[in-house]
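Report on one structure; see the data block that follows.
For clarity, chains are labelled A, B and C in written order, and residue numbers in each chain start from 1.
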Amino acid sequence: MEPVITRKQLEADLTELKRMVLRLGKMAEESISKAIWALKNQDAELARMVLAKDDDIDDLAEALDNACMHFAARFQPLGEDLRAVTSIMHMAVDLERIGDYGGNIAKVAVELADKELIKPLIDIPRMLDVLSAMMSKALVAFDTNNAEMAKEVFAMDDLMDDLEKQIMRELLLLMMERPQRIEQATQLLNVARTLERGGDHVTNVAERVIYILTGKTVKASAFRRPRPATPYAHKEHEER
Amino acid sequence: MEKILVSSRGVNLFYDSARVLKDITFDIMEKQVTALIGPSGCGKSSFLRCINRMNDFIPSARVEGEILVGGSDIYAGGVDVIALRRNVGMVFQKPNPFPMSIYDNVAYGPRLHGIKQKDRLDDIVKQSLVGAALWDEVKDKLKTPGTGLSGGQQQRLCIARAIATEPEILLMDEPTSALDPMATARIEELVRELKKRYTVVIVTHNMQQAARISDRTAFFLMGDLVEYDATPKMFTSPEDKRTEDYITGRFG
Amino acid sequence: MDGRRFADLMMTIFSWVAALLLTGMVVAIIGFVVVRGYSVLSLDFLIEPPRDSMTRGGIMTPLVGTLQLVGTAMFFAIPVGVATGLYFAEYAGDDMFTSILRLAIRSLAGVPSVVFGLFGLSLFVILLGFGPSLLAAALTLACLTLPLMVTASEQAFLAVPKDYRDASYALGASKWQTIRKVVLPAAAPTVITGIILSVGRVAGETAPIMFTGAAFFAPHIARSLFSEVMALPYHIYVLATAGTFIEETRPIQYGTVLVLLLLVLGICSGGIYMRSRLRRLMRR
């Protein structure tokens, strides 16, 4: 008996899974971008819209998870198909988490909407820009089966770390100057932290894309500049 | 821990001038299940039949290279083919119990090799049927024809018959392709059990089956051994593009 | 009704008519014989020899003679026929010699039985000096039946699935072990059927034995292979054409025909029964 894999049906379903991933990615990216915008522009309205959309992202992630299970049950995929479906399940988790981060930031934005900001936000939006670029790179790499492009994502994560550290230094100075700023500074610090974590999740997505395409498990750290041990090295290790 | 039991070294098989196996070189590990997969006509069954020299019956077949079983070349001159086949049992695609009683089917091999004492035969028959997970179903009807059993039971009877000569190696040529899913599941379960005592080499068209039951998988394509690796590796991330294409059903 | 369906209908009718006609014929023949011969049938008829120029008495001598002939013929034909069939099925290569041998056997099957009679006369009776005897007649019958036996057993052996042989070889059996323990038993029902059909044919043959050993009349059953024997088919022939009192022997003649017919039918159905039993035993 020859293997009866209806390649055509399988590919159609796989394409649908991919489309769902891209849509989820787009929603997550939108969530986090809008949240940062709301924070920067103190737009409580926009922040509430982000929070309202959080459920949609969760629903889509769950639907994607189910679709993956159905795909596995129907085709019992092997090889690249198997890597794709298991990776997509992981990617759904990562992307959903990024969406959640958007929600977390939006909550901060709501709180800070009617308060005076301790400083104009510059580096946080820059982190967002990097994160958005990483996300779109990872997703395009996924969409176009481009492992090389996925690898480019890793180096960009260095930039995220740099920005986070810079923000941290700056906020520490502000806090030392005037302890009343501590509350807000801590919140902003958390936002930067959240963005940095978002970067880690995008890195996971990129790793998965490479795994699907090559069958090799890559460590993002292999593509990043060597770093001395920092308090974050430990945390990063956990996240992988 | 892992010990090589069968070692194929540069094996070429010819049917007349057609070369159906090309320089097949790989090692089969003791007490593991090794699956041979590949599209029809890729040479996997032909290779299987080299291991117990069943290709000897095809007049035009000619084997070059060495197959070492337990360290000695089975294609060397003066090899006792009968002893070889006793040591390398085989189970075929279609269940093929002889048209005789269940007992006589299992006792066939031992009798060939000169065992005549009734109590010894009784013991071998029982042990073999137990080993093939068939004893409970047939212990009360050992004298009835083996051909009266269901397809799955017949195949397990054939497995019992094959292990009755106490082989080291069991060759299985698509043993479940003629069976329904339930019977197939029982055979697969049995194969996992059998590897505790035997080295199993199984040809299968069903990649999920190979993935389920084997420790190592060899992928054959047009007479070449394309890739041979641990089964989980083969079915998640094979090295060769052709393997990837085959297991994902892009051809074959 | 279009042409195709019409043709279909016509063929159906034609097949039915043909089948009915054939069945009718068989029934008519049996009926004819039963009606004419039934009256003389009795136990005495079977166990008494013919008396008074065959106008009285029974058919004990020809009946026993036929059994002797068939038995002796089969004694020679079965081993040779089955062995030859085995040779063709298992050992013969695809060479010139085999083809010639095959052709010879096929042609032999087409030779009229009277030619076998003449052949038996010149070989067994004259050349080998057996004289007209049970042995010569039986050997002639054996020759007659050989082609059928060879072909039937060859087919039977070839029909044994390759799977059995593979399984046997894979267990380390030699060729002869495989043949003896697997091929022969598996082919046995078909071989036996072939043998029994040959027996039926041999029992009814007249031409091969009339020159070689069948007696017009013998006072008692043959006690040695070199005695002449009476045989049912020849006895019928004699009663019908060569007797002194044809009219008076008529009922005996039909009685004899009936017995021969029952004998042949009995052998055949016995064979079929045996085959089905063996088949069931083997569950092929």
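To be clear about the criterion, a contact is a pair of C-beta atoms (placed from the backbone, for glycine too) under 8 Å apart; a residue touches a chain by one contact, two chains touch by 3 or more.
Given the structure is predicted, the values throughout are model-derived calculations rather than measurements.
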Quiz item: What pattern do the touching chains form: line, ring, star, complete or other?
Solution: line
Quiz item: Going by C-alpha centres, which chain is most central here?
Solution: B
Exercise. Compare the CA centroid of subunit C with every other chain's and tell me the farthest one.
Key: A
Quiz item: With chain centres defined as C-alpha means, what is the inter-centre distance between subunit A and subunit B in Å?
Solution: 50
Practice problem: Could you put a whole-Å number on the gap between the CA centroids of subunit A and subunit C? | Solution: 91
Quiz item: Out of subunit A, which residues touch more than one other chain, so two or more?
Solution: none
Self-check item: Parts of subunit B lying in touch with subunit C, wherever the complex brings them together
Solution: 52, 54, 57, 81-86, 89-90, 92, 94, 96-100, 108-109, 112-113, 145, 147-148, 158, 161-162, 165
Quiz item: Residues of subunit B touching subunit A in their complex?
Solution: 39-40, 177, 205-208, 211, 235-239, 243-244, 247-250, 252
Practice problem: Sort out for me which residues of subunit C touch subunit B in the complex. | Solution: 161, 163-164, 166-174, 177, 181-182, 185-186, 281-284
Quiz item: Inside the complex, what are the residues of subunit A that reach subunit B?
Solution: 1-3, 5, 7, 10, 76-83, 211, 214-216
